[in-house]
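In the two complexes below, chain A is the common chain; its partner is chain B in one and chain C in the other.
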Partner chain A sequence: MILRLAFGSLMARALTVSITVLAISLSIALFLGVEKIRTSAKASFTDTISGTDLIVGARSGSVQLLLYSIFRIGNATNNITWASFQDIAAQQNVDWIVPVSLGDSHKQFRVMGTTNEFFKRYKYRSKSNLKLQDGAFITDLFDAVIGADVATELGYQIGDPIIIAHGLASFSKHEDQPFRIAGILKKTSTPVDRTIIVSLEAIEAIHVDWKSGAKIPGQSTPNDILRKMDLKPHAITAALIGTKSRLQVFGLQRFINEYPKEPLLAILPGVALQELWQIVGVAESALIAISAMVVVTALIGMMAMVFSSLNERRREMAIFRAVGAKPSLILGMLVAEATFVTAIGAILGCALLYLGLFASQSAIDQAFGLWVPINAPTKDEALLIFSVIIAGAFISLVPAIRAYRMSVSDGMIVNV
Partner chain B sequence: MVNFELADNTVPDSKNILQLHSLLYQWPGNNSFSLSIPKFELLTGQTALLIGESGSGKSTLLSLICGTVKAHKGVVSVAGTNLSLLSSGQRDKFRGENIGYIFQQFNLLPYASVEDNILLPLQFAPNRRAQVTCPHDEAQRLCNVLGLPKNVLSTKARTLSVGQQQRVAAARALIGSPPVLIADEPTSALDAATQKKFLELLFEQSKNNKSTLLFVSHDIRLADQFDKVIHMADIVARKSGKL
Partner chain C sequence: MKTILIFGITVITSNPLLAESTRQLESHEHGVGQLEVAIEGQKIAIDLHAPGADIVGFEYVAESSKDRKAVDTAITILGKPLDLFLISSDAKCSVMQAAAKLESDDEHDEHDEHDEHDEHDEHDEHDEHQEKSAHTEFHASYILNCMNIAAMTEIKFAYFDLFPNAKELEVQMISDVGAFTFEIEREEPTLDLIGKL
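After this line comes the complex of A and B, so read on.
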C-alpha cells in the first residue's frame, strides 16, 4: 500500500515527473549514443583493414607507412623496386601479395594502381570484401574502378571518361590517356571510398611519355602502341601481404626488415592502427569527458526536481507522520522515487537510443562513414546504466535528507 | 499498546488518559521562548475543548502529546505511557497505535483513494490493524455512519468537498479505535450547518469507540457541547524566557 501511495504521489505530479524522466532518458540516450559512437569509431577505424598480415613499403615510420598506403594521407618517402617486390613475392610463406602504386590524383581523390587481386584481398570490417554497386572490375588497360564517395561527389557513372593528373594537386594532366570508369564500388566507410583504382600497368602506361616528373615535349605514344608495350612496372609504392600461416608473419616481417638490397619496412596493420589511434585518441578522451558531464547534468536535474517537490509535499509528509510513519520512511520514499524515476529514464533512454539507431544507422554511415552496430548493450554499457541508477539513488539522498530534517522539525504541524 | 506498558512507564492513576506535569519545553534556537505546563489532565472517555489563541502554545502542546517533539523536563503520559522515556521511533509507533488525528484541513493524500486514506494508519499500527477484521468493510461502515456517499471509497480524495474530506479524515482517525482522538480545529473550514453535523458525528463515533476526544478550537460557542473546557491560558505557567 505504501508503494501504491508513493506511485500515486508520483502520478499526481505526472507533468514534472515526466519532464524529469524525459530529461534523464535523453541524457542517457545521448550518453550511450556517445559511448556507442566512440566505440564504433574506434572499431571502424581499426577495422579499416583486416585480413592483411603485413604492409610493406620503403623504410620510414610504421604510422607513416600506414597513413600513405591505407589512408592515402601524405606521401611515400621512397619506392620499392619491382625486383625486391618479386623477391618477397617468391618467399615460401607468402600466400598472396598485392602491389600498390600511388602518386597520381584526380581532382581531390588519389589514384591507386594495383591488380584485380586487390579487390579480392582487401578486407574491412572483419572480413568484408569490396563489392561493386555497378559495373565490373578492371578488364582493360584504361579501366578505372572508383570508390563510392568519388562517384557521388563527382557524379560519375559507368562509362564516364576521367583524366588523371600527374602527382597530387598538379596542373599537368595525363590528357592523352583518358580512363573509362568500369566499376563503382559499394560504400565501405574506409579510404577506399575516396580512391580511384586502376591497373598497375596503366600507371606505367601513362608515364611512358614522362620523365623526371614532367612530360617529354612533343612525345605522345598512341594508346594502341601502349597496349602492345611491356608495361611491367619498375617500382611500386607499397604491397599488402597475406601469409600462409599467422605464425610465419614475424619471420617474414624480419626477413623484409633485414632485406639487404633495399631499406624496406614491413608492419603489422593492427599494431600500426593501434599506434595511430593513440594519436587520434585525444578526441576519444574528449568524448568520454562529454559523456560524463551529460550524466552529471541529468542527475543534477533530477535532484532539482526532488528538491522543488519538497515544499509542495510537506503536507503529505505531515499526514504520514500523523498516522505513525517515521521520518526515515519519508527519506526512503523519496530515495525510492528518485531511483524509480532514474530507472524509468534509463529504460526509456535505451529505447530512445535503439529507436534512433534503427532510424539513422544508414544515414550516419552515409554521412560520416561510421557504422554503428545495433546490438544488445555490452557488459560495460549495462554497468554504466546500472551505475547511473545507483548514482541517481545516491544523489537523491541530498534532498531526501533535507526532507527528513523538515519532517522531523515539522512533525505534523505544517505552516505553509 | 502492550509493548509500552512497562512497569516504570506506567503512571499509577489510570483514570487519566492524558497526564502532563511539571512540563517544560523550549523551542529550538538561541534565546527562544519556552512552554511550561505545571499540570494538565484528561479523564478517559472525556470530551474536552481546548481553547487558545494562536501563539498560545497549542500546537506545541499537541506535538508533545503526539510525541513529534520531546519535553525537556517533566512527564507527558498518554494512555499510561510516559512518552519522555521512548525513543523517537517508539514515539512514532506509539502515536500510530494510540492517537487518531484530524487536521484543520488538507487531511488527505489527494491522489489516493478514500479507502487508502482511511486505511493508512493501519499500515503503521499492527494493534489497530488487529482491531479490524475486514479493513474494507470497516472503512465502508465508517463512511456510512459518517454520512458519506455510498460509493465514496473508490473515489480519489481530491474530488471530495471540504466537508466530505473532513469526514474521511474522521474515519481515518477512528479506524482501529485508538484510545485518543485529537482534532485540531477540524471545523474551521466548514460552514455552520456542516460544522454542527460534523461535531455530532464525531461525538457519536468517539463515544462508540470509547475514545477520549481532545478538540482544539478558538470558538468558545462550542463549549457547552463538551465535558470539559480547557483554556490554554489557565494551564500554561507564565512564560519564563530562558530555560
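After this line comes the complex of A and C, so read on.
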C-alpha cells in the first residue's frame, strides 16, 4: 500500500524526481569511481615489483632507494662497489642477484645497465614476467631493449640506432657507440615501460673514453677493441636479490645492513612500498573526503526537494488524512519515496560508472598507465551503496516528521 | 697518560674493524624493539631484537647478583616464544628452535658483526668506556613449525605484559603474499594476520 502510493506520487512528479535521481546517481558514480581508481592505483603501485626479496643500494632511506632503483625517480646517493656486490652475491643464502646501473639517459628516458637475468627475475603484477613484444633480449654488447612507452613515444623499431646521453638531461652524448634496438618489451604499466635496458658491460664500454665526467678529447676506442676489453664494472647503483628460502631474508638483510666494509642498505620492497604509500596516502584520504561530501550534498538536495514538495502536497496529505490514513502512513510514504529515489539513484550511478569504465578503460591505461579492472562491486562498495540508501531514508525522516505533525491542521485550512 | 696511550693503541690495532677505520653506529631507541617474522610453508622464523632497557631495565654490565639474576630470568622468558607471542592453539605451533642471548659490545667485537659505538676515537678513556657507553641488546631467534598455519589469524603480544618497559615493537613480516610492516604498541598488542599469509 505505502509502496504503491509512494511510487504513484513519484510518477506524478516525474521531472523534479528525475533531476534528484540524476544528482544522486552522479554523486554515487563519482564516489565509486574515485574508490575504484584509488584501489587500482594502489594495486598497480604495489604491483610494480614482486618476486624480489631484497633491494640493495647505498645507505640512504628505504623509500629513496626504492624510488631510484625501481621507479627511477631521483638519484642514488652513492654507488655500490663491484667488490661488495660480489661479496653479497657469494653469500650462501643468495639464490640470484641482478645488478642495476643507472645514470645515463636517452631523450626523456633513463638508461639502465643490467644483465639478461633481469628479464627473468624482475616480476610485476603478482609474478608476471617481462615479455617481448618484438625482437630479442640482449645478445650483443651494443644491444638495447626498450620499454613499450619508449617505443611508442619515440617511434622506434627493431634495428634502429640510438645514442645514449651521458648523465641525465645532458648535452654530451656517447656518439661513438650507438646502440641498436634489439627488443621492445610488452607494456607492463611499470617504470620498465619508460626505460632503455642495456648490458652492464655496455655501460662500462661507453665510458671507457671518459674521465672525471668528461670525454677525453680526440680519444675514441673503436668498438671492436671495446669488445675485446675486460669490461668488468667498477660500480653499480643497486641490486635486486632473491633468496633461497624466505626464512633467510632477514638474516641476509641484517648482513648487508651491517656490512662493515661499505655502508649499504637492504630493503624489503613490500615494506618500502608500504612506507611510500603512507606518504602518498594523505591525498588518498582527501579524495575520499571530497567524493563523500558530494554524496552528502546530493542527499541534502533530495531533502530540500522533499521539503519543497511538502508545500505543493499539503492538500494531498490532508485528503489522505481525511479519508482515514494514519499519520504514520504519511510518514511511511515520504520515507519510502526518498528510499526509492536514492535506490534508483544508486543503481543508475553504478550503471553510469560501469558504462564509463567500459568506455574509458583503455584510454586511462594509455594515458596514466593505470589499469582499472571492471569487476562486480566489492563487499565494501556494496556496503557503501547500501549505507547511502539508508542515509537517504534517514534524511527524509526530517521532512517526513514535519508532514506527520502538520498534515491535518495545515492542509484543512484554506489558503488563498 | 702513557699507559692510557698504549692501551688506546692496543685497542685500536687489535680491533680489525677500527683498523679499517669503519665507524658505524646502529640506531638504538629505548622502548622500541624490532621483530622480524618470515613465514614459509609451515615454518615461521622469528627474530627479536630488543634494547636491554626494555627487557631488564638497565644496559650496564650486570655485576651484582640481582642484576645477573634479572638477565638470566629474562633470557629464560625469551626462550619461550609461544609465551611471548600468543598464537591460536588451532594453528598447532611447536617450537623447533629457540635461542636468546644478551649482546654486549664485547661480543659484537668478537663476532666481527659490527661496531656499535665509535667512542674509541673520540676520547681516550678506554678503560671506562664499557661502563659508560655500552648499549646492550637482547637478541632472540626462534623457528616455529605450525601444522595448521591457516588458523593463525592473529598474534597477541604477551611480550608487553612480561616486559613492562617495552613500549613498541617494529614488525617486519614476509610471507607468500608479500612483505609488510607494522608498529605494534603496548596499548594495542595485537597483530592482525588476516589476508597476509
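Just so we're on the same page, the second predicted complex is superposed on the first by the 407 of 416 C-alpha atoms of A that agree within 3 Å, B and C clash if a C-alpha of one lies under 4 Å from a C-alpha of the other, contacts with A are read in each partner's own complex, and residues count from 1 in each chain.
The rule is simple: contacts are C-beta pairs under 8 Å (C-beta built on N, C-alpha and C of every residue); 3 or more make two chains touch, one makes a residue touch a chain.
What you see is a predicted model; the values in this text were computed from it and never measured.
Shared-chain residue A:260: touches chain C; no touch with chain B.
Which of chain B and chain C touches more residues of chain A: that partner is B. Once the two complexes are overlaid on the shared chain, A:99 sits clear of chain B and of chain C alike.
In the overlay built on the shared chain, the residue A:349 is in contact with neither chain B nor chain C. In the superposed pair of complexes, A:321 makes contact with chain B only, with no contact to chain C. Applying the stated contact rule after C-alpha superposition, one finds that A:183 touches neither chain B nor chain C.
By the document's definition of touching, of the two partners only chain B reaches A:9; chain C does not. By the touch criterion defined above, A:399 reaches neither chain B nor chain C.
Of the two partner chains, neither chain B nor chain C is touched by A:113.
Residue ranges of chain A in contact with chain C, taken from their complex: 46, 50, 53, 245-251, 258, 260-261, 263, 268-271, 274-275. Chain A meets chain B in the complex at residues 1-2, 4-5, 8-9, 11-12, 315-316, 318-327, 408-409, 411-413. Contacts from chain B toward chain A in the complex involve residues 28, 59, 62-63, 66, 68-69, 88-89, 92-97, 101, 103, 106-112, 116, 119-121, 123-125, 172. On the chain C side of its complex with chain A, the touching residues are 17, 20, 22, 24, 26, 36, 38-40, 43, 45, 47, 112-115, 143, 172, 174-175, 178-181.
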